[in-house]
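Take a look at these structures.
One chain, chain A, appears in both complexes that follow, with chain B as partner in the first and chain C in the second.
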Partner chain A sequence: MIEAPLQISLEAWDEAYESSGAFIGRETCYGGSLGRHVKDGNTRLKHLLFDNSFAALNLWNFLLTEEDRLYRARYEGKILVGTMKDLGTVPVIAYAFPDVVAFYPDGAWWIPCLMEADEELLSIADNLGVNDSFCPVRAMLGAFVSGEHFPVPDILVCSVGATCDDFSAIAQRVEGLGHPLLWWEIPHRREPGAREAAVALPGGTKACVDQVEAVMVELDRVICALSDKAGVKLTDSMLSESIVHANKVRACLMELRHVVFTAKTAPLPSLELLVAEMMGLHYCSDRREVLSVLSGLLETVKRRVDAGVGFQGPEAVKVFWVNPVADLRVMNMLEESGGRICGTEYLFTHALDLIPTDLPAREALARVALADPMAGSALDRAARICNDIEKFKAEAVIISRIPGASHCALEGEVIREVVAACKNVPVLEIDVPSMCDTFQETLQTRLGALVETVREQRKGR
Partner chain B sequence: MYYAGVDVGSRTIKVAVIDETGRQGIASGICDQGVRQAALAHNLFDQVLTRAKISRQDILRIVATGYGRNAVEWADTTVTEITCQAYGVRQQVADVRTIIDIGGQDSKVIRLDERGIVYDFVMNDRCAAGTGRFLEIVAQRLEMGINDLGGIAETAVRPSIISSMCAVFAETEIVGLLANEESPADLAAGVQRAVAKRMVSMLGGRINGPVVFTGGVALIPGMSRALSDALDRTIVIADTPQTTAALGAAMIAGAATERAERSNRPVSAGAHYLEGIR
Partner chain C sequence: MFSVNTRLDTPKRVVFTSPFVPPEWIAAHGLVPWRKTSDGCHNGSGSSGAPVNVEAGVCSYMSSFINEVTSDPRTLAVILTTTCDQMRRGADLIRLRSRVPCFLMNIPSTCGTPQADALYQQELERLGKFCLSLGGKRAEPERLVSILLEYDINRRMVLSRQKELSAGDFARELQFFGESGKVRNEHDAGLSCARPSTEAVPVGFIGGPMTARQFDLFDVFADHGAEIVFNGTESGERAFPSRFDLRRITAEPERVLTEAYFSAIPDVFQRPNDRIFSWMEKEVAERRVRGVVFIRHVWCDKWHAELFRFRDALKVPLLDIELDGGRMNERTRNRIGAFMEGLR
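Showing the complex of A and B:
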């Protein structure tokens, strides 16, 4: 029998956990009740609603125990690679080495939300001159100074160039604090000229051969630095094996997304899907276990779809979501307003696309790196969003802006214009800082109005 | 039998009651917003009913809207002001395609298609730029009432250029302009233009007519002209610009009841006016 899918509070989860023996024998080393993470300071969990499946509990537990895994890796003498900004490419290289663990210090941008403590990390950044005119990823700077949220990596590798100005500025400040960074450059991806040889990139964009070669040279520098640190020479077969593993994770996520977006009734809430997608970037510091967590989630979702059960009725409005949110609570608000997730573009679609296996491994990775939505024009992002709106039959688009993030001010309008022109669906832009409590009503009104607008449109058809 | 709409806005509360045809307005009322908004809304509702000589039992259904809609616990359901505004304005200008609503603390643009259905909207409810509050701050600084701004703006010779849309910065700018001996008339006209320009940017170049102007600011003399000049097109002020959202809420209450009757289903408290919503 399938348990009816529900979104439940932390309290309800803990009660269910206590009263049910269903988890015994299935639990992992990072298992336990959700409530225990509140004791670790993640108080925001008290204000969220969670999927009631065991697979979702596993997902949350895996996410919220990453810090433990990192400290354990340090204790075991593994090399810790802090990979910054590129989202998805450098971890594939890092995990090709034995006894190397990669993670994103960037992930600290969720700490002010999860710990409901803007004051700490963000005010450290403020005091260092990186104030709220910057992206909330500046929390990472505070985390480096406080030294409390992750062990200081043995090596820091940061992409720069076409990716993100805010991040480069913040990362330079990290370097200024005495943490040397290996910078590698991604050029701005441009349409190949008439006389230039073009290559296809994962996700449907193109770049000229020279650009791919330039990125290969940059990635070689990264490979050399990591080889030196790990004391192991990286062979092509090691890299290919890492790509095969990355593709397993990506394939699992692609299938999960497809099943969720195309199901008749929503089989997974938007919040859990966001967390799952994020895990594809660096495997949440455990390359083997992440596959088991994500496969478990996929299995649950498929079972629900087969049984025809979901969180909302089939009338829920299908929403395509652009950009990740700094406050996780906002994802819950989508379902509360009568919407469901039906397409996402969280700025790292290139980390969900399969890495080509019919190319030399380094070239394949260079192509994936160049496919980064941040490396190309906003029009490329908009085109992919339009394709996916079509594919998943989304009825509305939400562009959540990240306050302070320099690209948001420019891209939002471009994406909005393109989507409105070619897809004729309503587009809503919202600002989502790390804590939205003070203007929750404003957000509810906007999301509610979007849902009502789609329902009115349906009635008129 | 009657239907009612309650619009709990940021600066004022509005109530509208319509008859059972779902079209004819019977009574309406407005009061200022305050700390105890639920009680204020309740008092206003009672006053409107007393004035119209109808009892609470005669009201078949109530829809609450506006930013404080959730405070109206005695309403049958809530609907956002975007949808309500569209229903209310459509009742007054049947072929409306764009609604510009400037309230006390927010402003919005609502676009409707040729069937009169909303297909897009933009809201500013997080800062005072381009709202009634902005005009109020300026009027205070010029030592006049907000309703006098329009009259004095008529006599402007060279409207001032206000470059800042932030209410706080604009106030500083106005102090500077006054020190430079710019006339209050030029300043008043400049400020009205600045608000109108802000709305033009919210419209983002996409505008279809007829354009209807609603919200408390529509009642300020000179504002619709400033808007019309900035957009270079005719602007119609709604018949009752402050209460169109409340009127729309009442119409939605009526429409939901009618639909339920047609399908022989009772309209339960909390049921949504749109079919199929949970």
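Showing the complex of A and C:
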């Protein structure tokens, strides 16, 4: 017998946790009730709905204890690498070294949401002249100054070039505060010319060989700096072993996404899937444990699918979601409106695609870095979204805009236009700030209207 | 062969606005380079059919530039650069909504590494091929040398005018040079040689690009008793290349251009961006500047984020002017008045 999947409140979770003995003996060192994270300041949790499985509890606990892991790593004398912007490539290199832990200070992006617009953090950024015309990543600047949300890394490595302006600008400010950064270049990925030597990248795009080679040289600079810091020379076999591990995580996520998107009824809410996908970036600072967390989730999801149980009924409208949401609450609103997630593109698909193993390790990673959706044209992004809409049979697309983000207005236009031209599905663009409470009703109405539109279309078929 | 627009009977132009695109290289390939200063009249919002028709969240300089060049029948092709995300995305919109050929030139953000130089040089090569695809011809060394010499001389000549001209007129002269590679004689230009009084307060400008309409700002400052002694905006002399090493030009033209443009022009997008701070501090000290005006556009993160550091780095007051594509409003005029009052 399998427990019926439900989305439950924090209170309900805590009650279930206290009253049931079901978790005894299954707990990890980071386990415990979810409610305790509210005491650490993550007050947004009080307004979210959570999947009621043990695997989901584990997922949340693992996510919300990352700071503890980082401080423990520092205490144990490990090297902390702050890897910035590239989303998924440098951690594979960093974790190839023994006693090195990599994390993304960029993760502070979610602090304004989780801590419900943490006034202190944002006011530090405001006082430094980085106001709300920038995206939520400005919280990272506040976090560097307050020193409260992550330990200051031993080395900071930041990709630049074909990146968003917000991040590049704010990272420069971090450096201006006295934190030296190793900048490495990812050139804008361009369509190879007719007579240019080109190679395939993970995810289906192409790059010319010159650009791949350029990124390899840049990654060499990163490898040198990390080797110096770690006092260990990185061998090809160490790097290959790290790629094998990364691929295990990616394969697990790939399967999870596939099962969730193709199941008759949704076996996992969109919020938990988003959290799981994010773990592919840097393993939430523990690359061994992340695999067990994600495998547990995958197992639960598969069991639900086999048992034919899920959230909502099969009538739920299949939605493809573009861009991460600054307010996690909005993902709950998708299910509340009668939608389910059937495809995602959160700007880090290159951290989900398998890393080629039939190439020299550095070259494989250079190709991954270039496959970053942000490094290329928004037309490439749109093309991949269209493919996945087809693959997962999504019936509608939601493009959530990130407040202040330099790329959103223009990219949103391109994606909307291409999807509208190629796929006969309605597209909704919504603005999602870090706290949506004040216009939750409007948002709910718009999501509801999208779901209704699809239902009407179904009748016509 | 030039691609000729018969209706206008003038050769069509290869249009760009970034200072990192060398016009000499385009001219050496037999095409007409046109470094355009946006007029600032066409910023897109509400102009249906324009490539950039986005209501909010975009830089008005980028949107007006793109809309102007793609709607101008004299445009043969447009070159955008990757120095900011907005321009990069602008290239996507051109590809999606316009038939004008668009070349997106990758300008590395890192600088001072052999790899960054190599990337810029590769882009020059690619730009050369793009010119050929537009009907241009190979850049023969002799022609390149003579074009470089001509540009170099004209560039020095136009820069030497700074002392004779009002800041507004000087900006317009730089604009004319950017568009044509030539220097007007005073008679043709109808320029006022009004020099500020000896009591004028030396003021410098730093920041992003200015549209032609926004050159009025200089006159407003002059009316308030300022003498603009340096123009460190993207429309000013800060964005000029250094002199070419002509001894090496035939042997390694791309390298010489890389040194003069990529390695020499200081800009805010560079990582790290110390060079632009050094440039400004030197100008402020040498010209005994008493106040600095910081020019940025709404939605331009790269300049906006650095405002604080510029203010911090300066020992003189700084006035932040945020431009939104429209004409200068009364409030800005009043702020300029108050700023100048404070400097006296």
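Note that in this section the second predicted complex is superposed on the first by the 459 of 461 C-alpha atoms of A that agree within 3 Å, B and C clash if a C-alpha of one lies under 4 Å from a C-alpha of the other, contacts with A are read in each partner's own complex, and residues count from 1 in each chain.
Quick note on the criterion: a residue touches a chain if its C-beta (ideal position, glycine included) is under 8 Å from a C-beta of that chain, and two chains touch if they have at least 3 such contacts.
Just so it is clear, the model here is predicted, and its values are computed rather than measured.
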Q.
Looking at A:426 after the superposition, I want to know if it touches chain B, chain C, both of them or none. Which is it: first, second, both, neither?
A. first
Discussion item. Which partner chains sit in contact with A:449 here, chain B, chain C, both or neither? Use first/second/both/neither.
Written reply: first
* First, second, both or neither for A:459, with chain B first and chain C second -> first
Larger residue footprint on chain A, choosing between chain B and chain C, goes to C
Q.
After the superposition on A, what does A:441 contact: first (chain B), second (chain C), both or neither?
A. first
Discussion item. Per the contact definition in the header, classify A:147: touching chain B only (first), chain C only (second), both, or neither.
Written reply: neither
- Message: Going by the contact rule set out at the top, does A:312 touch chain B (first), chain C (second), both, or neither?
- Response: first
In the overlay, answer first, second, both or neither for which of chain B and chain C A:77 touches.
neither
Chain A residues contacting chain B in one complex and chain C in the other 413
Within the complex, chain C is touched by chain A residues 128-130, 133-134, 158, 160-166, 168-173, 175-176, 181, 183-185, 187-188, 190, 193, 210, 214, 217-218, 221, 377-379, 401, 406-411, 413-414, 417-418
Interface with chain A, chain B side, in the complex: residues 67, 70, 79-83, 86, 113, 115, 117-121, 123, 125-126, 204, 274-278
Within their complex, chain C touches chain A through residues 52, 54, 56-58, 82, 84-86, 88-93, 95-96, 104, 106, 108-110, 113, 115-116, 118-119, 122, 126, 129, 269, 271-273, 298-302, 304-309, 311
Given the complex, residues on chain A that touch chain B span 312-313, 315, 338, 413, 420, 424, 426-428, 431, 439, 441-442, 445-446, 448-449, 452-453, 455-457, 459-460
